[in-house]
Structures are given as C-alpha cells and as structure tokens.
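Order as written gives the chain letters A, B, C, D, E and F; numbering starts at 1 within each chain.
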Amino acid sequence: MTDERFSPPRNFGWLPPEHSDYERSRVVILPVPYDSTASGWVGSREGPAAIIDASGNMELYDIGISSEPYLVGIHTLPDVAAHGGGPEAMVERIEGIAGELIDDGKFVVTLGGEHTVAVGAARAYASRVPGLSVLAFDANADMRDVYLDSPYSHACTLRRISEIAPLVQVGLRSAEREEHEYIREQGFRFYGPREFRSLGPEGVAQQLSEAVYITFDLDAFDSSVVSALGTPEPGGLHWDEVSDLLEAVARRWRIVGFDVTELAPSLGPRANAQLAAKLVYRLIGLAVRE
Amino acid sequence: MTDERFSPPRNFGWLPPEHSDYERSRVVILPVPYDSTASGWVGSREGPAAIIDASGNMELYDIGISSEPYLVGIHTLPDVAAHGGGPEAMVERIEGIAGELIDDGKFVVTLGGEHTVAVGAARAYASRVPGLSVLAFDANADMRDVYLDSPYSHACTLRRISEIAPLVQVGLRSAEREEHEYIREQGFRFYGPREFRSLGPEGVAQQLSEAVYITFDLDAFDSSVVSALGTPEPGGLHWDEVSDLLEAVARRWRIVGFDVTELAPSLGPRANAQLAAKLVYRLIGLAVRE
Amino acid sequence: MTDERFSPPRNFGWLPPEHSDYERSRVVILPVPYDSTASGWVGSREGPAAIIDASGNMELYDIGISSEPYLVGIHTLPDVAAHGGGPEAMVERIEGIAGELIDDGKFVVTLGGEHTVAVGAARAYASRVPGLSVLAFDANADMRDVYLDSPYSHACTLRRISEIAPLVQVGLRSAEREEHEYIREQGFRFYGPREFRSLGPEGVAQQLSEAVYITFDLDAFDSSVVSALGTPEPGGLHWDEVSDLLEAVARRWRIVGFDVTELAPSLGPRANAQLAAKLVYRLIGLAVRE
Amino acid sequence: MTDERFSPPRNFGWLPPEHSDYERSRVVILPVPYDSTASGWVGSREGPAAIIDASGNMELYDIGISSEPYLVGIHTLPDVAAHGGGPEAMVERIEGIAGELIDDGKFVVTLGGEHTVAVGAARAYASRVPGLSVLAFDANADMRDVYLDSPYSHACTLRRISEIAPLVQVGLRSAEREEHEYIREQGFRFYGPREFRSLGPEGVAQQLSEAVYITFDLDAFDSSVVSALGTPEPGGLHWDEVSDLLEAVARRWRIVGFDVTELAPSLGPRANAQLAAKLVYRLIGLAVRE
Amino acid sequence: MTDERFSPPRNFGWLPPEHSDYERSRVVILPVPYDSTASGWVGSREGPAAIIDASGNMELYDIGISSEPYLVGIHTLPDVAAHGGGPEAMVERIEGIAGELIDDGKFVVTLGGEHTVAVGAARAYASRVPGLSVLAFDANADMRDVYLDSPYSHACTLRRISEIAPLVQVGLRSAEREEHEYIREQGFRFYGPREFRSLGPEGVAQQLSEAVYITFDLDAFDSSVVSALGTPEPGGLHWDEVSDLLEAVARRWRIVGFDVTELAPSLGPRANAQLAAKLVYRLIGLAVRE
Amino acid sequence: MTDERFSPPRNFGWLPPEHSDYERSRVVILPVPYDSTASGWVGSREGPAAIIDASGNMELYDIGISSEPYLVGIHTLPDVAAHGGGPEAMVERIEGIAGELIDDGKFVVTLGGEHTVAVGAARAYASRVPGLSVLAFDANADMRDVYLDSPYSHACTLRRISEIAPLVQVGLRSAEREEHEYIREQGFRFYGPREFRSLGPEGVAQQLSEAVYITFDLDAFDSSVVSALGTPEPGGLHWDEVSDLLEAVARRWRIVGFDVTELAPSLGPRANAQLAAKLVYRLIGLAVRE
C-alpha cells in the first residue's frame, strides 16, 4: 500500500522503507520514553516521540557537514517499555537491547527519556568496545552515588558511567558541594562552559580515546537554546560550540554510539524538538560516514 | 526485534502486528493530515497523529458495548500526502485510495484533517455501495456551493456529499441564511441538537438506509465536550447522545465506513484527542462486530 | 483601498464599512480592556480583543433566532484607555462615554475586562431610562460594600448596581457568608442554577420591568462551558439555559443595553472567546430586532 | 511578622494561623506529589500544589451547603517525599503518616498525585476504623492484580482497596475485559454513570456503612468537567451529580477521611484545579461539620 | 468619537489618525495572513495580527537609531483575503495590490503569513524599480523549482525571486542537496551565519545595488531568538547581527520596500511577536528617514 | 510533624526550618505579587510564586561562586497584600515592611511583581544607608515623571529611584524620546548592552559607591534569555554578562539589598522562573557571604 500518494512513515527522518528497513540500516534508533526517577518537572517520556515527529520537518541533506546521513539507513525501533521493577531493571533492559543491536552490527542511538537511560546504553558499549571513553554533555554533575535511595536515579548517571569508562564532561554548572569535591578529589575532567571555551574543542577532544561514546543531556545547552527540560540552566553551551566539539571529536576518533536525553517537550517551544532532531542527525552524519 | 521489552508500535490502538498487519486486518485507518482550506483557526492537520497517539491510552475492551473491537484487526496506513494541486485533487486522491481499500475488502476509517477529506471517502463508498445513505454529524451546514472560489472548501463538504447520496445531518446550529433557506427549500433532513432530542435516536436512525456511511465533524459536539476545533460551537451534542444515536444506527443498519474530522489538537486540552480516539474505536466496534 | 481582495476589518463581526460605520450603526461595541482590581488569576484585559477576533469566525446569520443582527449596523469603537486614577475614575469614564453614545441614539454593548466596567454602563442607562431593571448573570454575589479598600472592586459590582436599579441575579453559587446574609435580609432576588431551573426562564423574566439592562459575567456559565475566567466555578449554567432565559426576556420586555465581561482568554481554550462572541451576537439579535 | 499588610500563607484555603495551626486544626491536608507509576500522560505530581494555589481563590463560605468549613481548622502539611524504593514503599510511607495523624485525632485529606496514594490512606483508616466501607469515584476499574510488574500500580488501586474494605464504585466506564469479568464474578458494586443515574444518590449511599472512606479519582468526572487528567474519559459524572451523592452519604453516614487524586494541571485549564479545591472544601464541610 | 479617553486603534504602532491615515502616510502595512502551502507546523496566518497587537507595546521612539519612524505616517490596511485558487493566484493578488500602492507613492511593508507572499511584493517592486537587488534573510535555501506540485510553494520563494532580481541571501543553514548544488553551480551569493560573520555587514552590503528590497523570513534568526516558526533552526543569526547588517545596507543604499514573514505565534513565546514588531519598526526607520 | 518522610516546605530554596526560621535567617524574601499598573501583557503577579516553586529545583551549592548561600538562613515571608488605594499606597506599604526588616537586621530580597515595587524597597534602604547608590538592570528607561496619571507607574520606577540615590543603569534599549533626552540632559549613567560591553563590568562597577542597592527588572536580559515578561526586548544582556557584573560589584562594594521583578511566568517557558531563582540565589551568595 505504500506509494507516492502517501507520506513516509513516522520513523526518524520520515524515511521510506528502502532507507529504514532494519536489515538495510546501519543505524538503529532506540526510543526510551522513561522518566520515572525525574525529580523536577516531568515529561521527558514524551521526548522520543517529539524528536521523531520533528525529524520529518528537517532536510535530509545536512548542509553543515555536506552529508546525507540517511543514506546509511536509519531504522527506528518501537518504544522500549517501562519496567515496573524500578530504574535498575530498566537500565538492564536497555543494556540488553542495545547489546543485541551492537552484536548485530548496528550503530545504536538511544533517545531518552531521562538521562538514566544512558547508563544501559553506555554499559552495552563499554563491555564490547575495548578502550572506550565517554564524552558527556550535561549541566549537572550527575555524580551522586545514591539519590532518593536509588543508585540508578538520573542524578547518579555520570557516576555510574564513570565506573565503567574514562569520562570527559562538558557543560557543568550545577552540582552539590559533595559532588563538586568528589570530582576535584578524583581528578575527573569536568568542564564548565567557560572552561570549555578556554580549552577549545580540540583541547577537549584530545582527552578522549580511539572509540568514543557520547551521552548528551540536552541541559548542557544554555536554557535559551533548549528550555524544554526538567532542569534548565542558564550560562550553558550554544549550538555552534557543541557542533564544533562534535566535529573535532569525529575528525580525531571514532564515535561508536550515542544517546540524546531529557527533552520534555511540553515545557518549552516546539523548536527544541527540532533542534534535538537536528543534533541526532548531525551526530549520525559525523559518526557513520559512508 | 519486537518482543515483550518493547511497547507496541504507534498505530491506532497501539496494536501488535498480529492485530494490525494489513493482511490480517478487517479495518484500515487512513490518516489525512490536510487542512489547507481551513478558514478559521488552523491545526486539524495535526488531528490524525493526536488521535493515534491518544489511542494507546485507551482500554482495548470497550466496556460501553462489551466488545473488543481490535480483534478484527486494525491496520494503520501512513499519512496521505497533501496534494499541491488544491482540494479537488486531494479529494480525488482520497477517493482513489479509499476505493482501492474497499475493493480489497477493507472497512475504511478516514481521520481528518479538515472535513473536506470526507468527500473523497464518501464518494468511494457511494460509487460502490448501492442504496448508501449518509449520516453527518456537524455543527455547520457545510452546504455552500462554492466558498473562496472552490467547490471543495470545508464549507461545501455536505453540499458535495448531498449530491451523491441521501443525507441526514445532526448537530446543526450554524449556517448562512442562504444555506438555511436552501436546506429548507430542498427538504434536507438537518437536525439541530434540540430537534434531535425531540426526535430521539430511533427517530433519526429510521431515516437512514440499509447501508450507512457516517461522516463526523467533531464540532457536532458541544464546545464544552470538544473545544480543540477550528469552529467550536456551544449548544451542541453530548457524548451519551452521540453514543446512543450510533448504537441505534448500528442496531438497525450496517455501517459501511466512516470518517472523524476537524480535531485541531493545539486548540484545546489533550482530553479531546482521547475522546476522538474513543469515538473511532466505539464506531469500529459498532460497525465491524465479529 | 477596500475592495474584494481584502478581508473585512477586525471590528466586531468583521463587518464591511456599510454595516459598521458609526453613522449607519444602531449598535456600538465599547471594548474596555481593564482588569486592574482583579484578585484571582488575571487576563480579562485581553477579553475584548479575543471576542472581536473570534467574531470573524462566526456566521452572520444567527440560525438559533433566524436573524441577521448585523443588518442594523454594528460599530466597534477603539479600546477605552485605562484610567490611572483607580477604578472609580474608570467607572466614571465608562459612564461618560456610554452616556454620550446613548444620547446619540446608540445601543451600547460593553465588553470587559473585569465586571467592574458594568457599573459605568449600567449607571449611564439607569440615569436615562426610567423604570430600568437589571438582569445579572454571575457566579458570585459581588455584593461586598468595599473590597481591598475600594467600593469599585469587581467584588462590589452588583452591590453598586443594586443601588441604582432593581436587580435580578442568576447563576449564584459563590459568596461570602456576610454577602449571603445581606442578600437574604434585603430580599434580593438572587438565584442559583438549581433555583433558576425550578423557576424557569419565564419565572425569572417576569420579575423584570419594561426596560432591562443585562450585565453578564461569563462565570455564570458552568466552568466546563467557559473556563477562561479568573474565578471559574462548577455547577453553573449551560448554553441552552442562558439562551432560553435571554429569549424569554426579549419576548416580554425591551433589552436596552448589555455588557459581557470577565473573559480571560489565556486561561482556557479559544472556544471560549467563540462562545462569548456568539453570546454577544445573540443578545444583539434579541435586543435590536429590525 | 504576620499582619494585615500580608496575604495569608499558601496553605489550603490560604488560612491565617488561627485557622491552620496544627494544634488547633481538626483537618489535616496531606499533599502527595507522586506520579511515578503513571502510564499515560504525566503531571499529577503537580496536582497538590495546583489545588492549594487555587484554594485561595475560593470563598471560605460554601454557599452550596451553607457552611464555613474552615472554622474547624485546616492544617496543610509539607509534601510527602517520593520514596525511591518504588510504589509499595511509598504506599507504606503514606499509610504510616496517615495513621499517625488519625491516632492524633485528625481528619486526613490526602491530595494526589496518582491514585495509588489512596491505598496508603485507605489502609490507615481500614486498620483503625471497624466496619469501614469505601466509596470510590473513578472512571477506570483499577482492578488489575498486577500491572507492569507491580501490585501497587495506579491500575491496581481499587483491587488493593477491595482487599481491605467493602467497596462501592461510581463512574466506571473504562476497564479491561478481565477486570470487567472479575468485577461481575465477584459481585462488586461498580456503577457506570448511567447506572448511577438509575439508582440515584440514595440508592448508592445506602450500600455503604456507618463509617465511610471516600477515594476520589477526578477522572470520574466527565472529561468536559475535568480534562486535566492522565486518562480523561467522556461520558462521566457532572458536578451536581457528585455533589448530590456526597451530600446523601454525609446525611446518612459518617465520612471519616478522603482523598482527591489524579489532577495533572498542565493538561487542562486552570479551572480544573479550582474545581478540585472546591470539591475538597465541600467534602470537608460535609464530613467535619462543627 | 476618538478622544483622550480611548486608546489608539489597533493598527501598526497603535497610531492615532494623524499618523495613520492613508493619505498622510508614507508607509503602508499590508497584512497577508496566508499559510496554505506550509508543510511543517502551521500558524503563520496568525502572524500579522500578532505583530500588530505587539506593536502597541513598543516605544515609538527607536532608541537604537535615535529616530521616531512613525512621524512619516504608517497606515495599516485590512488583511488581504486568501485566494481559493491556490498560491499562484495569491501571489498575483499581492503583486497587484503592492503595485497599486507603490504607484500611489507608498512604501510597502508586507507582513506574512508564509514566505510565499514575498514573491508578490518583490515582483511589484522589481517591475517598477530598475536595478533592484534583493537581500533575503532565511534559514532555508527556498530554491526548489517546484515543491508538492507547485512553483509557488514556500519552499520555492527565493528561486522565484532570483528569477526577477539579483539576490543576496543571509542565514542559510538548511537545504536539499540539489538546492545546495544549484546555488553553487549558479554562483548565488548565499551566506550561512558563520560566512556572514567572516564577511561582516559591510561585506554583504556592498554586494547589493542602489535600490534594495528586503525579504525577511524570521527563521534566519537563531531558534533561541525566534522559535515561533514552522521551521525553526539552531545556529542562526542574533539580533545585533541583523541590526548591524540592516544599518549597513541603509547607510549605503536605499531600501525601497520589505516584508517580514513566517511568524507562527502559537509555536513560541509572545516575545517573538514583540521582536518582529520591533524589526518592522527598525526597518521602517532605516528605510524611510524623514 | 516535619521529618525525613516529608519534602521541605515551599519557601525560597525549599529549606528546612533550621535554615529558614525568621530568627535564624540573615536574609528575608519579601514576595510582592502586584501588577496593577502593568500596561502591556500581564501576569507578573504570578512571578514570586513561580520563582519560589522553581527554587526547589536548584542545587543549594552555587558552583559558579563555590558557595552555599543558604547557610546564612533565608526566610520567606507570606505575600504582601495588594493595596486597593493604588500604587502610591502600595509603594508605602512595601517601604514600611522593608524598613522594619532592615531595622531588624535583615537583608531584604524583594520579589516582584511589577518593577514599581522596587521604589518601596529602594526607599527603605536609601533612608537608612548613607551614601547608597543604586544599580539598575532594565531594558526600559522607566524615567517618565508621570504615566497614565500616576507617578508610581512601572514606567516611572527609575525616575523615582533617581530622586533618592545616585543611579547607574545597565541594559537600556527602549525609551521615549523625552526620556532619552532627559537622561542625556541630566547626565544619567544609563548604558545600553553594547555600551556596557565596551565599558566592561569593572567600568560600571567603579561608578557605584560603598553601599549598593540592586534593582533588577528581568527585561534587562535579552528576550531569548528571558521571554516571560510584559515587555520583552531583543538585543539585551546574557547570563554570563550579568553574572560578571554582579561579581565585579560584589568584589568591590557591599550589596545591601536587592529586588528581582517583572517575571510573568505564563508568557514564556518555565525555564525563565528557574533562571530567576538562580539569579536571586547568586545575588544572595554574592551579597551575604558568611
């Protein structure tokens, strides 16, 4: 029944089957509409659907990098179901699914939902890719060991990830005193936006390794750039800065997978979903060049 | 890749493949996100996606009619693409697609978009089902012959349908003087909400024929019941009244197809999409009993 | 420059000059975007513009009363400016303007803004029309003598009006204990929605006099019918009930002027402005029959 | 520092200390902004704050029952903190707090948050009040034994409550087939809105016992009356119907405690929070007459 | 009836008759609420009214250029009516009206609606002003020859304009591959935001000619600056950059007319309409100095 | 009843009693939800509650200045009641309350509401602190002597303040011609954003005196940074610029008190309240170091 009279299906990029069948696709989008540990304003569970909807409103040629990323094939899976057993069980479910996809030769793009979902995806990569390093975009330290009785709260995301791979964080401008002290004691490489500007994209990129996983909490952006967030913060990164850093990383290393999380569409303008879709597409274009 | 760890796909009813594959489905949902002749507030192009999203938030057992309509199979097609050649070409496109589906043995549910899309679907049925009558729910007469230079404007919908099949309309409470006079001169059976209440569901139902097509402009409802509309009107129908009439029709005749149109989600609360989804599901349950 | 290629101007009804010039118009719309004594949620200052915008989305034939009210001419004045000297000065300004319009032979329709604006308009009529009675639609008693140090607060509106003309109120379901006692002691005819239903439209209408001024606080409606209000209240009136009462009054007496107030458009769906426009138009049709 | 120049504090009713101190208050409001098992649209965690904000916009005299409920004293506690250990731990926390309050002689009003929070409050009453019966307002059966792996999901609320006290439910119009069969097999007294209308308020009230706990999921209301809900349903109850039933229960029996849940303020107009505040206040007035 | 007690009328600038009468005005605002070829999110038909509403909230002295642009007179026409015959007929209607205004000695400011409306206005100028060049602000190439079967889609706007006058575009960051190749092959001067920054305002301005028409699609701005758009894009221009370029052009050449298009007010904060009003006013001030 | 099972109360910072009791607190938050002279879009009366709500979503450690400002104690008073006697009476009420607090040794943080409220607070400080200078952040001159008949309109705020203390203003980009001339004639130090950038934070800071009061109208920020305002303006200040200036002032002088005004939460994204909360907290941290 698919023919010229119909729009493409509502997958990421609104791609026809020849560019979105599972078999023919190098990239797999894994939507995870999960936000049950959120402690501020809620709604990131609506993020994946909003990003996918917005992605149809985007040119498939990315003029910024002169590339047509969809040509490698982008398959969109159905939503991962929320696990009633709490965030740890959810993280395990995501790790399981992402692992199967990696083993099947796919490049996995996880769309949150809350940042917690990144732990599952990052673990799947860390256990399969030797020498993996992680580049985290985030306004918050996310370095609590336990929060509201759970080690898998969104506020513990980077702590959990730091336990499995070397971590470089960019965008930091909100933390508990204890977290801040822990970061300094441990010598973690967390950079506020101004520190990032001093260091420059190359200065950050060179701290990573051959294989890089990127975890992107959208609150790394300045709250004027993305406001549809549970924890928007002023004083953050701007689009060109982020784009430059991603290009610097892609030039130097191999990006093996990534996630984009925390978009809560009802808390800001629709333009934020559009930006998130473009970010995902840019990252695919940088990571999976033909 | 589909398994227990995933939510069902975002089709109507969020149904797994065994209840939503084209081959195994008796019912086909045809989303038509088209609103280019709208003259009031816009946004009904977002109606089909909102109804489909909301349909996942609905029990698949319809307690009101003690039925599980999804068991007959409900397949959701991709969106029909807008035709740049104007509303007439769009109506023809819809008629073509709906006709092919009917010829393939499917029960077609058209989701608007503006009411204009009903003309295409009704024509496909009228040319294939002898003795078809049409039951229209609408606040407006929609009986203009031409509007803003086009005979396929939303304001002409029922005029066009009246030319192909006998018509009974319920919910009327807005019209031009010329339309009102035309209706009276022609002896058309258009009933305002209070006239409908006097007549009763059976009184309306008995005016239809063996085979009934239902075209449903959601502004037939009172604007307290559905406000997410380009032309909301007070003094309209309530849920139980509509439900009673639909049941009366289904008891007496065969409903061969229907459309639900004009939901403009951003103009009212999300609850309106939920109501529209339930209305579609109820109608499927009444029309396509196993 | 006005010709067929242009839409009509954004006056009430979006009427062309031949039906909206001041000279040729029997009716004058007086928009008063004033809400500075509001004590709940604000925004009724945006009410007049929203009603006027919505009025272009309305058929100019009112099928409910088989009438084309615009044929008597409806002129829309510019907004009355807020007076910095407080509500008393504002009430005087409105009284002055309305009085001049009445003296010029016009039928004045005042659009609030907060209910306070009704005091000015009612006074202009009371001092010119012997034997005037007032029919008030309101959820609240509005019978405080002074509120937040001012006798011209929105909460004192009906108290001020009761001092200049006999008053019948419909829709009451919110009051202070002192107000309620005062109403009972004074024998004021205030009817809750259920009392109104017992009495019936004729029962209320017969309590009025030959010449009736109608002041309409939209919160008289049930909050499901109109929610875009500073003080929405459940358990109120429905569209047909209001319409029946207005028709009963018009059949029996002469409606000399009216106001519609308290629409705060940003607090509810756009459908509420549509309803308010239709109410204004219905009232014009009932009051100023050719 | 409290004096005439300040507004009252933002507790329920915006009451001054003499009517809201814990010691002097007969009634205690227990806000529980918890929605982590929600499976539809989210946001009921913002319900308690919205109800408390709206309560300041309400007359303290309830004209509908000629009463000033605040005179018995209404104390508002701080929000109950979400428990990271999942819904069972949260239910236990609520049960513990409510129990302490009951033991201290307080009348407990629990404000959700999702309906799950009712289980804790109902248990605290059931274990202390012999012969307790429960009156539930709900659109959904909520009779699943387990949902998404948890027996404390919002979809299991009434199942859990049915295990500790005899239950009468009003408003039913959405259920799984299995739930519906279970209800019929067990002979549970669940009434859809039309069944309720046939039976009448007295007919329902007489099925309760000397001591009644009321659990109120706001989706029992028709979705035109309250739309700010995760699972709004058309065909529901109206304000006067609910009010009549509550009055019938209060005339005949003693209401020992209640909860009001599921308001998700961002999904509908602010008027819905106003209605919820008035419902809470009405229930206090009916239950705790001086 | 106009006097001190009234606010000015709702024309652009909310100007009294002495500064807004057609005869005495050098500038004419032509509102074109047309968006029927929009393919993303809709609502730019509400743009002109939103800009005009917001313009009353603006100081009439433009401190940025030390000028009071309204002193030359600014007349606001009624809305141009949508033409049911499709975008080509609409473009012709706009060209006709704009042409008559230019011939009458007016400076024409066209307010969209979708960018398509610019074609009509630009044609009217191009056929009357020898040596005209066009400066386009846009995020998109808009260089498709035909889109959705129409050569007058919003996606073809700059292609059509490039056929009638030399074009310089600023803000480019979204295009099809074919468009991008076409631009490069043809040597069109399209500058992305970073290219613009390298070149500087003077570098762009000097590429224009004696007489400049400016067409402004608001998506040229970064999506943090204006988000109320059908196709918002990150990585765009900021206010001061745009302002500097406009000043550079005005210093060097004569701006003969301009349009501002694509504001879809319901998709972003009201501040966006305020910015658009200020942009229009700034452009008038730069173009029509006394 | 306060214990671990409860969230902290909804005061500024959501602080437990040991950090928010009046007696133990060095800082007092004075919420003034007053907006009755607002002449543009309204809603700043909802600002204080929105800021206080958002403040619970903020880390109590301010990483930007490596400080935990709450340790000095922050007490939140109830809302100041609106005075029905107009803005002058309101300003006097605020001056009275602020004065009592200062005399009691408190550091007063006034939250508007409209900018007018700053006059009361600034006067309380000016009459008690010899040699006080005022640093104003504002997009508008606010230097009208009288506006809409009142010298206490929001448009006169800085004129009134300039009469009691030397004033330095930053952010200016909107003014009447008369205001602009007055500023230049009087030699007032008002700096537009670009002038501020030329001068630098130190250049501005050195113009102040030993004791500085800061009055902050949030429209000083660029409208992309804060859009939830009655009079948003493009071309304004960014977060880091403001933060740098505040730090420069704090390093050099003593900040004795401040206000933050004009947030109208419903006009922009929730992120704006978050930014305002963080600004207040930053200012407390800079002004009241332990």
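Criterion: contacts are C-beta pairs under 8 Å (C-beta built on N, C-alpha and C of every residue); 3 or more make two chains touch, one makes a residue touch a chain.
On a predicted model such as this, the values are computed, not experimentally measured, just so you know.
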Subunit F and subunit B - chains in contact with each: A, C, D, E
Same-residue or different-residue interface between subunit A and subunit B, half as cut-off: same
Chain pair repeating D-F, as identified from E-F, C-F or A-B when over half of the contact pairs by residue number coincide: A-B
Chain pair with the higher count of C-beta pairs in contact (A-E, C-F): A-E
Of all other chains, the one whose Cα centre sits farthest from subunit C: A
Whole-Å separation of chain centres (CA-atom averages), subunit C against subunit E: 40
Whole-Å gap between the CA centroids of subunit A and subunit F: 37
Multi-partner residues of subunit A (at least 2 other chains): 41, 81, 222, 224, 269
Pairs of chains satisfying the touch condition: A-B, A-D, A-E, A-F, B-C, B-D, B-E, C-D, C-E, C-F, D-F, E-F
Subunit F residues touching subunit E - in the complex, by the definition given at the top: 40-41, 140, 172-177, 180, 192, 194, 222-224, 227-235, 267-269
Subunit E partner contacts - residues on subunit B that touch it in the complex: 35-37, 39, 41-43, 45-46, 81-86, 147-150, 153, 266
Complex contacts: residues of subunit D adjacent to subunit C: 57-61, 63-64, 66, 68, 222, 224-225, 239-240, 243, 269-272, 274-275, 278
Partner subunit F, residues of subunit D touching it in the complex: 1-2, 4-10, 22, 33, 49, 53, 77-81, 93, 96-97, 101
